[in-house]
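Quick notes on the structure that follows.
Order of writing sets the labels: A, B, C and D. Residues in every chain begin at 1.
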Amino acid sequence: MASDRPLRGIFAPVTTPFRSEEIDLAAFSANLRHYASTALAGIVVLGSNGEAPLLDDDESDALIETARGVWPEGKWLIAGTGRESQRATIAATARAAARGVDAVMVRTPSFYKARVNAEAMTAFYAAVADASPVPVILYNVTMFTGVNMAPDTAARLSTHPNIVGIKDSGGDVTVISDLVAGCRPGFGVLAGSTSALYASLVVGATGATIGPADIAPDVCAALMTAVEAQRHDAARRLQLRLMPIAKSVGALYGIPGLKAAMDACGLTGGPPRPPLRAVSADAAALIREQVAALLQPA
Amino acid sequence: MASDRPLRGIFAPVTTPFRSEEIDLAAFSANLRHYASTALAGIVVLGSNGEAPLLDDDESDALIETARGVWPEGKWLIAGTGRESQRATIAATARAAARGVDAVMVRTPSFYKARVNAEAMTAFYAAVADASPVPVILYNVTMFTGVNMAPDTAARLSTHPNIVGIKDSGGDVTVISDLVAGCRPGFGVLAGSTSALYASLVVGATGATIGPADIAPDVCAALMTAVEAQRHDAARRLQLRLMPIAKSVGALYGIPGLKAAMDACGLTGGPPRPPLRAVSADAAALIREQVAALLQPA
Amino acid sequence: MASDRPLRGIFAPVTTPFRSEEIDLAAFSANLRHYASTALAGIVVLGSNGEAPLLDDDESDALIETARGVWPEGKWLIAGTGRESQRATIAATARAAARGVDAVMVRTPSFYKARVNAEAMTAFYAAVADASPVPVILYNVTMFTGVNMAPDTAARLSTHPNIVGIKDSGGDVTVISDLVAGCRPGFGVLAGSTSALYASLVVGATGATIGPADIAPDVCAALMTAVEAQRHDAARRLQLRLMPIAKSVGALYGIPGLKAAMDACGLTGGPPRPPLRAVSADAAALIREQVAALLQPA
Amino acid sequence: MASDRPLRGIFAPVTTPFRSEEIDLAAFSANLRHYASTALAGIVVLGSNGEAPLLDDDESDALIETARGVWPEGKWLIAGTGRESQRATIAATARAAARGVDAVMVRTPSFYKARVNAEAMTAFYAAVADASPVPVILYNVTMFTGVNMAPDTAARLSTHPNIVGIKDSGGDVTVISDLVAGCRPGFGVLAGSTSALYASLVVGATGATIGPADIAPDVCAALMTAVEAQRHDAARRLQLRLMPIAKSVGALYGIPGLKAAMDACGLTGGPPRPPLRAVSADAAALIREQVAALLQPA
């Protein structure tokens, strides 16, 4: 099982292709077969970039089953299973585990923001991790949830035997430092911000789960290798090379931008599900240029 | 059908009682039978105070069916049917309409905050209202969603023949004024903030959907009557009387506080569903005192 | 002395005219002579709209002296004397008092935001009010300071015998309600938000200090008279009439917009002091139209 | 003149000692003489940590004169000269230059936040730099000003021949990266956040101006030396050692905490000027322990 290995490396938060608002499992499989040939350490199905909040439970199950059929056993297969209620999160986690995922990534509940304090988060994750048949990865993504998990809450949760890591998408390197320093040794700390990728790895992040890994997985992996080899000039150059696309698939155009970028590099991005809307033709043209620049031989 | 009448008056956003994490439909019915004997203009089932994001679709359907069996035809029965995807929102709306609700209240999608701009909101609500067999009420609740619908977006949507009103929970009376001034004549503008209740009604709100209406519906209705009769001193006194409980069931303790207040006045509040957690014993004692003070004869 | 009367009515926060970056005292006097012929209850010299933070102490003293020479004894002459240090605030207050102002308006210190908590604010205002030869008015203007004075802090300070009122610019009518309910009887509560003017007066504000009073003092005063006479329809109409200019001299164009509006109605606005910059020609044209619409006979 | 050298290394933002609210120039001189014996590249007089907004112009001039008399010619002597108006900033800059400083550090104007956009900032700094007899350093400190200078505004300003660097206090390493990548070669980029010190230096910051440099200048300098020598493990250890005091002199206790820490290490911190208030006895005890741990031989 992949979960015996450390949570280390570059992970792609894969998207969900649609055709006329229906999931296109064939295109999904084709994308994953491509990713299997790259330097990725694993994939995350049903993350934020997978439009998980826009899918129903049957669709989610089908995506996991399909992924398991395609994705190699030797690399991490992670599924997002966070829901607003603890009960639904535990149920989704059980279904994902039954379908063979190596771990689940569970974002913080967030609707009742003021109530999701450190105490409630701790109780929630402990209950989910107690119930989960597979290891649990915390997921802190304030830009979408409006809720923040403080590093010391994560540090406390890192002592649970069935919680193996955290993805923090805030882009604040001080937070990454605090997580590395405060969590138990061996705990995975995955950066979720591309623009802070290099700096996050330098201060000790064990890897990253970032949109550009859906487009240029080997560029991301090369950056991590450079940091591990102390080739800081090379790492900095790769970081600069990632910046334009990072903005397009992040703050600027979000998931519709990421899907346009996948279309631009021969994978199937396709349209998002409403209320998300495809990017404009101008944005798509800009993104095509950025992808071409990113993927050309250095 | 209630929907021929204007969307006017005090509405209770009813809570969902649980026993061992399972919905307690008998207690739910009993609460509604009590509300039917009050001056309420209607109820909202499956709103934020109903813990809708913590329920699955089967549970939601059962609550609506039960409500329809209990609630009198002459008063508004409204169901919350907002989901993150347009497709799921339309499906939930169809199920609610099939079960006999007078209208649906649809909160803004919110997970992909940066993408839920005015254009996306407008397309989303138009699609939902086009598809809905019953009238649609917009629901803007930034404190939970992190997304804001600007008054001019609401004004544009108010011209859709199947959109009949808005609930705005922001508590900003200027926004209420702008909605009253900008939306088409006859459009319902419901305040969602108790602390701004009096001021909202003064500037033209047609009513309110507020937590304290679950506890003291007749106090809330009396305040509205006083404003309509230009008895401003009486209205101001009632507003001051509502303030302590407004804070307890709002910013201070949220839904767990509201449920404790219901327990304190002979209804069934009960425990919330995790990750929500019941209030402490101290908070419950404070809330009991506030309820007693609120409900004693003036 | 004006300060024996209650702090009640509409106050104009007068601007500071410049010519080639030097203060133009003649134009300043001419503006004040016009205001003296209106229904204003008083003026505030050296407020935020007076560009006080851009003036040095000698300039501030000259403006107060000039105002005292022009402004009638029977109406309030208030000067802004807030500084970042308590020591400089007390010194500026003493200089203003020596020049004959009826009261001083002191904004919260704000540079070291995290340190300006309730305790520090309370100690600061108590020290200033103890030292001041004239009554002190609190001034809470979060949009400029990034610091907020909570209503209960104001309520506590309202018991100081030399603190006579507060100007709160937040535009949150609930806050105005809380101030009215919590401060000692007779304490002045001045709204600082034009868009919330009507609603603020309805919930008990004793008046307002707002930019549009520099342009249309009699429209603002008529709105207050209408509320006092319970002519709510008339008040609402006047509120709607003030909205366009309120936005232009507020969020949209700020002080440069206010000065353009003064130029448009025959007073001297003139250029602001850098780093403030005059509005564009397009904005000036829009503002001229708004002023014309506002001032035409109803 | 020091300004021929690059803006590189660790700078101490020195504090202003008071005795009974009066500046204690003797203690100030003693502190500076100590700093002159350390590895500091320079000092900043009249920065935020120097309580500059709480001082009047005469006091500011006296501090600069005293510093010039004590501080060695071979190291940077920088004075903060930012004011709200462009005119006052230019005047303060001229006075500082006349007293022999090597450069001035000018924070963004901030009172009229919404008006301090990129265009206004650019015009302001160009005017100040044109007028200044000495090089100008930009200073972006959003936590105090509520205003943010975007990296591309700084990049544009970096081409002005009399603007030689920027201090950015935001602690966002992505911003530091963008400044390094976007500003002209040779432009100084000083980090202002201790918790992001190591990460900032890794991504190319040329140094830092941080509160802990007032207490442990040689620890800060050793961290920078370690990064330059690619001894990343040593750098990370030093970063961790700085974290507790960084929080105490930053978010937790601010300048009063910094002054308590200086008292704890044999320098003169002393009381801050009101409205700032000295830390509690408990906080002082905690800070003494942190200083002892920080300064003990590794």
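Going forward, contacts are C-beta pairs under 8 Å (C-beta built on N, C-alpha and C of every residue); 3 or more make two chains touch, one makes a residue touch a chain.
Values in this document were obtained by computation on a predicted structure and should not be read as measured data.
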| item | value |
| --- | --- |
| Pair joined by more contacting C-beta pairs (A-D or C-D) | C-D |
| Interchain centroid distance [CA atoms averaged], chain A/chain C, Å | 51 |
| Gap in Å, rounded to a whole number, between the CA centres of chain D and chain C | 35 |
| Set of chain D residues in contact with two or more other chains | none |
| Interchain pairs in contact, sorted by label | A-B, A-D, B-C, C-D |
| Residues of chain B defined as touching chain C within the complex | 171-174, 177, 181, 193, 195-196, 198-199, 202-204, 230, 232, 236, 239-240, 243 |
| Residues of chain A touching chain B in the complex | 21, 48, 53-56, 84-88, 109, 111-116, 119-121, 123-124, 127, 143-144, 146, 251, 254-256, 273-277 |
